[in-house]
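You will see two complexes here that share chain A, one where it goes with chain B and one where it goes with chain C.
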Partner chain A sequence: MMARRWLMAVLVACLGGLSAPAWAGPEKTSPDEAAKFITALSKETLSVLGARDASLGEREERVRQLLGRSIDLPRIGRFALGKAWPKATPEQRQEYQLLFAEWVLRTYSRRLGGYSGQSFKIIKAGPLGKRDAVVFTKIGRPSGPPLKAAWRVRGSASGYKILDVIVEGVSMIATQRSEFAALVRRQGVMGLIDSLRMQVTKFAARSS
Partner chain B sequence: MVRLLMFLVFLLAPAVALAALPPHIAKRIQRVVHDSGETARKDAALDRALPNTDYAAANRLAAGRRAASRMSAVVIAAIAESTALTGEIVAAAVAAAPALRDSIVRDASAAYPGFADVIARAAGGRAPAPPDAGSTPAGAARQADDAGMAAVDAGGGEDIDDEERDDDPIEPVNRAIFEFNEWVIKLVVRPLAQGYRWLVPEPARDSVENVLHNLNSPRILANDLLQGELVRAWHTTGRFVVNSTVGVAGIFDVAERLELPRHKEDFGQTLAVWGVGEMMYLVLPLLGPSNPRDGVGKAVDGFLDPLNLWAVNTDREYISYARTGVEAIDFYEGIMDELDDLRDTSVDYYAAIRSLYRQRRTSEIRNGEASGAGAVPGLEYDLDDEDFE
Partner chain C sequence: MPGYGSLKRRAFVLCVMLALGLGAFPGAPVSEARAGFEDGWRAYQAGDFAGALNEWQPLAEGGDAAAQFNLGVMYDEGRGVAEDRAKALEWWMKAAAQGDGQSQHNISLAYIFGRGVERDYGKAVSWLEKAAASGIARSQYSLGKLYGYGHGVAKDEKRAFMWISKAAEQGLDKAQYNLGKMYRDGIGVDKDVAAAARAFLAAAEQGYAKAQNHIGVRLVRGEGIAKDEVQALMWLTLAARQGHASARENRKALARKLGTAGRDEAERRARQWKPRK
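What follows is the complex of A and B.
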């Protein structure tokens, strides 16, 4: 009787995270490497944007490819759906993730596609949370003061990926999560999926 | 005298309760309390560092849940080890972490249904609801989840945890006013801003902005001082003196080149620094996103502004109105493209603006723009995998 109780206690303690073993700790992302990653990415992006011989559509397409492989879209998508994620069916999740990725890529490649000749300066980099790094940058604009942007980066076996961009104190993923939560509360997950599909279709119609 | 005694008992209760236990159990309970204190400190640092309320709040809630589950695990393990001390263990845990009382009682009585009475009595106060069919915490959680699913199936909208709720109790009203404002923007403000942009070349628009900002200097200075920001107050004073003279009534921002950077400050921010929370989200007719605190701030700012006071006192209100109008057009012209883009790409424009407004406001209150490197210095927030669940 006592032994069984003990076993249960140990089990419960382990499940409760009492004895989080050190060896299970996630590997940290090196801030220096993250800064290098962001620098390389910005150079590539600026060279694509600066290619004046390419049409706006072509530039957008290339930026899109760059972003697609540099942003951790599945992870961000899950975060953005928040508490609704566990409640969504597998089919809903799959469709949502596809539409979310498309939505983010279209939105940001369009936002970036129009810009040109911007300067991009790394200010500093540091650790963030348990395993990420944050890279602080200043982005010059044709008019007005430079933008301050911070990039949250996570390194893994498959390379470095962007998790969040915080522009002038506004976090992209926090905004998306808040926006999605408002929509899900009013119209459910299907309502959100429909809205995303509508946005994506709108973009597609415009660019064709 | 009796009161003093009661106070002493209250003060000593946790220590006494812990002393009644085997030392290693007491130590484990204390460790949980200590660790959650650490987390709370980190969260406070995060609140200061991260200009982002939604995020920080979600983080804090997750930390609270972690502390609760750890404490429950410690209590359940300790009862398994020394069953005779069940009452003492629960009493000690509740005394050490009164905030976790309900979760301790719930989880402990779910693990040991036979001891539910003892546990409830030791925890003090009302007896807990009898452990329902799910006799383990996991079972209870599953049940709660099922209930959630049922709610989803029943209605169109979904039942989301408290942490997902934005502080927007009058959302329907806000949305209606928001719609009205959008309509005014579309019919009046936007055409004016477009005309202004078309008519006035960019350098001249910059000058207009400089003049408006310079006029606001006395108000900004007053708020700098009220917040005890002496360096910023000095910057504001220097800017006002230099730009009003060398800068020809503020047309040229000479001070910027003299390492006197511009910043904004208002009485809403001062109230926030003094500890007034935003209370709730509020969309004001014509004025847009706000909250009760910033609404009051706006009114007080009118009294901190010499030009405004002079205009009102000498029956020249039209000066104030004209200035406000020009300010509104200038402001909207500056963010018009970004807003158009956001309106075009967002799935819920109202919610996107609400989140943006709050994050920006928090950043301004923490003077995030003052640091040279960027708006997010030394972050301490964790984005665990569980935050992505």
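What follows is the complex of A and C.
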């Protein structure tokens, strides 16, 4: 109970900054619908991960496509760049967004693509901020204790999208934002773009 | 029947791997260590990371660089083990000490983002130098970019050009694109619009959107390459379809200028186009 209250407090503290644009209006995301969206997404992901006839690379590619259409990458990318966003040139923004999306999808599809034997349980869902919903889940793993993950979801005319995931109380995008801010302080936006460009060249496991 | 197809393909790949392995060492049996490594790879592909770890751990401890590299990846990505970036680095360091280029490359990335280690651009560069010297195209490209921007090293455009062109020669599309820009602007090399066009074309042919836009623009102007507006429209169309914003604008303007016949022909070519591997 304490842990959950703490989680909620962290959530609100971390994500208060991610407010809706003024023109968007107070269109609220229904927590029930957000929970349905997360349930459907988890089912689809688990079925991809369970497809034993597909190679690891193929499973990762399918997870990547699922994530690509379920995560609001442009919005998260903008948030993660923080105060540097308004100062970046249009070309820098385009380059950064492409690399950021590539990097997030690559990292998470690799991280998820290999898993099997997971279970996914929705604990509860509620409103968050002016227009979002948060869906609390418990992910069971074959080894180790279950993982608590909370998903920040926003609904719009084009469907539901994930805005953040809070794992064991830590917001992924807030973490990203502070990591990026440190890089921008040292090397500027071009330095960050350069680092991202290099990070997507990381080598994966090999067959010989 | 996807299962059958993929099984057949895997069997084929396995045959080729065996043939290559035997071809390289005529008469020698596939060693026990190799067999263990391959069992580990099969387990890894099946998502059985504990199984892969069982096979690779003893090999890695015995000094097998490929097994050490793969263990590093498993710790880095938290596969079958708790994510532990310091441990990932430990294994990569062992392989890197044996001259494993991919390990050297991944170590340099860890230093750039400060993952599992204190952030240190200088160290990142020295690892990249090693990997680039051993012929890893991605490292040559990354090193070229660092020299170009002067991150972690003194800015040196000649060296930037040298490393980018080495990576481009190996066929890395991003490096070919960057080489095109260096020839275009005369960075680290004398200005050469024809060489720029050739480099942009090479990257465009591999499907690199930014290069497709650049070669499209050059074909419109006849800059470094014979003017050909229909072919230009094909490249701009291909880049625009990948979401390239300026290509979309350029495409619109050119399509207005060309007649229906030219537009249809460009469209036909774009439909038939396939990236060169």
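Just so we're on the same page, the second predicted complex is superposed on the first by the 177 of 208 C-alpha atoms of A that agree within 3 Å, B and C clash if a C-alpha of one lies under 4 Å from a C-alpha of the other, contacts with A are read in each partner's own complex, and residues count from 1 in each chain.
Simple rule for what comes next: a contact is a pair of C-beta atoms (placed from the backbone, for glycine too) under 8 Å apart; a residue touches a chain by one contact, two chains touch by 3 or more.
Since this is a predicted model, take the numbers as computed values, not measurements.
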item	value
Superposition on chain A - do chain B and chain C clash or fit	clash
First, second, both or neither for A:Leu192, with chain B first and chain C second	first
Which of chain B and chain C A:Lys36 touches, first, second, both or neither	neither
Touched partner set for A:Asp132, first chain B, second chain C, both or neither	first
First (chain B), second (chain C), both or neither touched by A:Arg52	second
Touching partner for A:Glu179 - first (chain B), second (chain C), both, neither	both
Touched partner set for A:Arg111, first chain B, second chain C, both or neither	both
Of chain C and chain B, partner touching more chain A residues	B
Partner chain(s) touched by A:Lys28 [first = chain B, second = chain C, both, neither]	neither
Part of chain C, among the options 44-52, 80-88 or 170-178, whose backbone runs into chain B after overlay	80-88
Those residues of chain A which chain B touches in one complex and chain C touches in the other	110-111, 144, 179, 183, 187, 191, 195, 199
Chain A - residues contacting chain B, complex	5-6, 8-10, 12-13, 15-18, 75, 78-79, 82-87, 103, 106-107, 110-111, 123-124, 126, 128-130, 132, 134, 136-138, 143-144, 148-150, 152, 163-164, 166, 168-171, 174-175, 177-189, 191-192, 195-196, 199
Contact footprint of chain A on chain C as seen in their complex	2-3, 6, 10, 17, 37-38, 41, 44-47, 49, 66, 69-70, 73-74, 77-79, 82, 102, 105-106, 108-109, 112-113, 138, 141-142, 145-146, 149, 151, 174, 245
Interface residues, chain B side, partner chain A - complex	28, 51-52, 54-55, 66, 69-70, 72-74, 76-78, 80-81, 83, 111, 145, 148-149, 152, 156-158, 160-161, 163-164, 166, 202, 334, 341, 345-348, 350-352, 354-356, 359-360, 362-364, 368-369, 372-376, 378-384, 387-389
Residue ranges of chain A touching chain C (in the complex, touch as defined)	49, 52-56, 59, 94, 110-111, 114-116, 144, 179, 183, 187, 190-191, 194-195, 197-199, 201-208
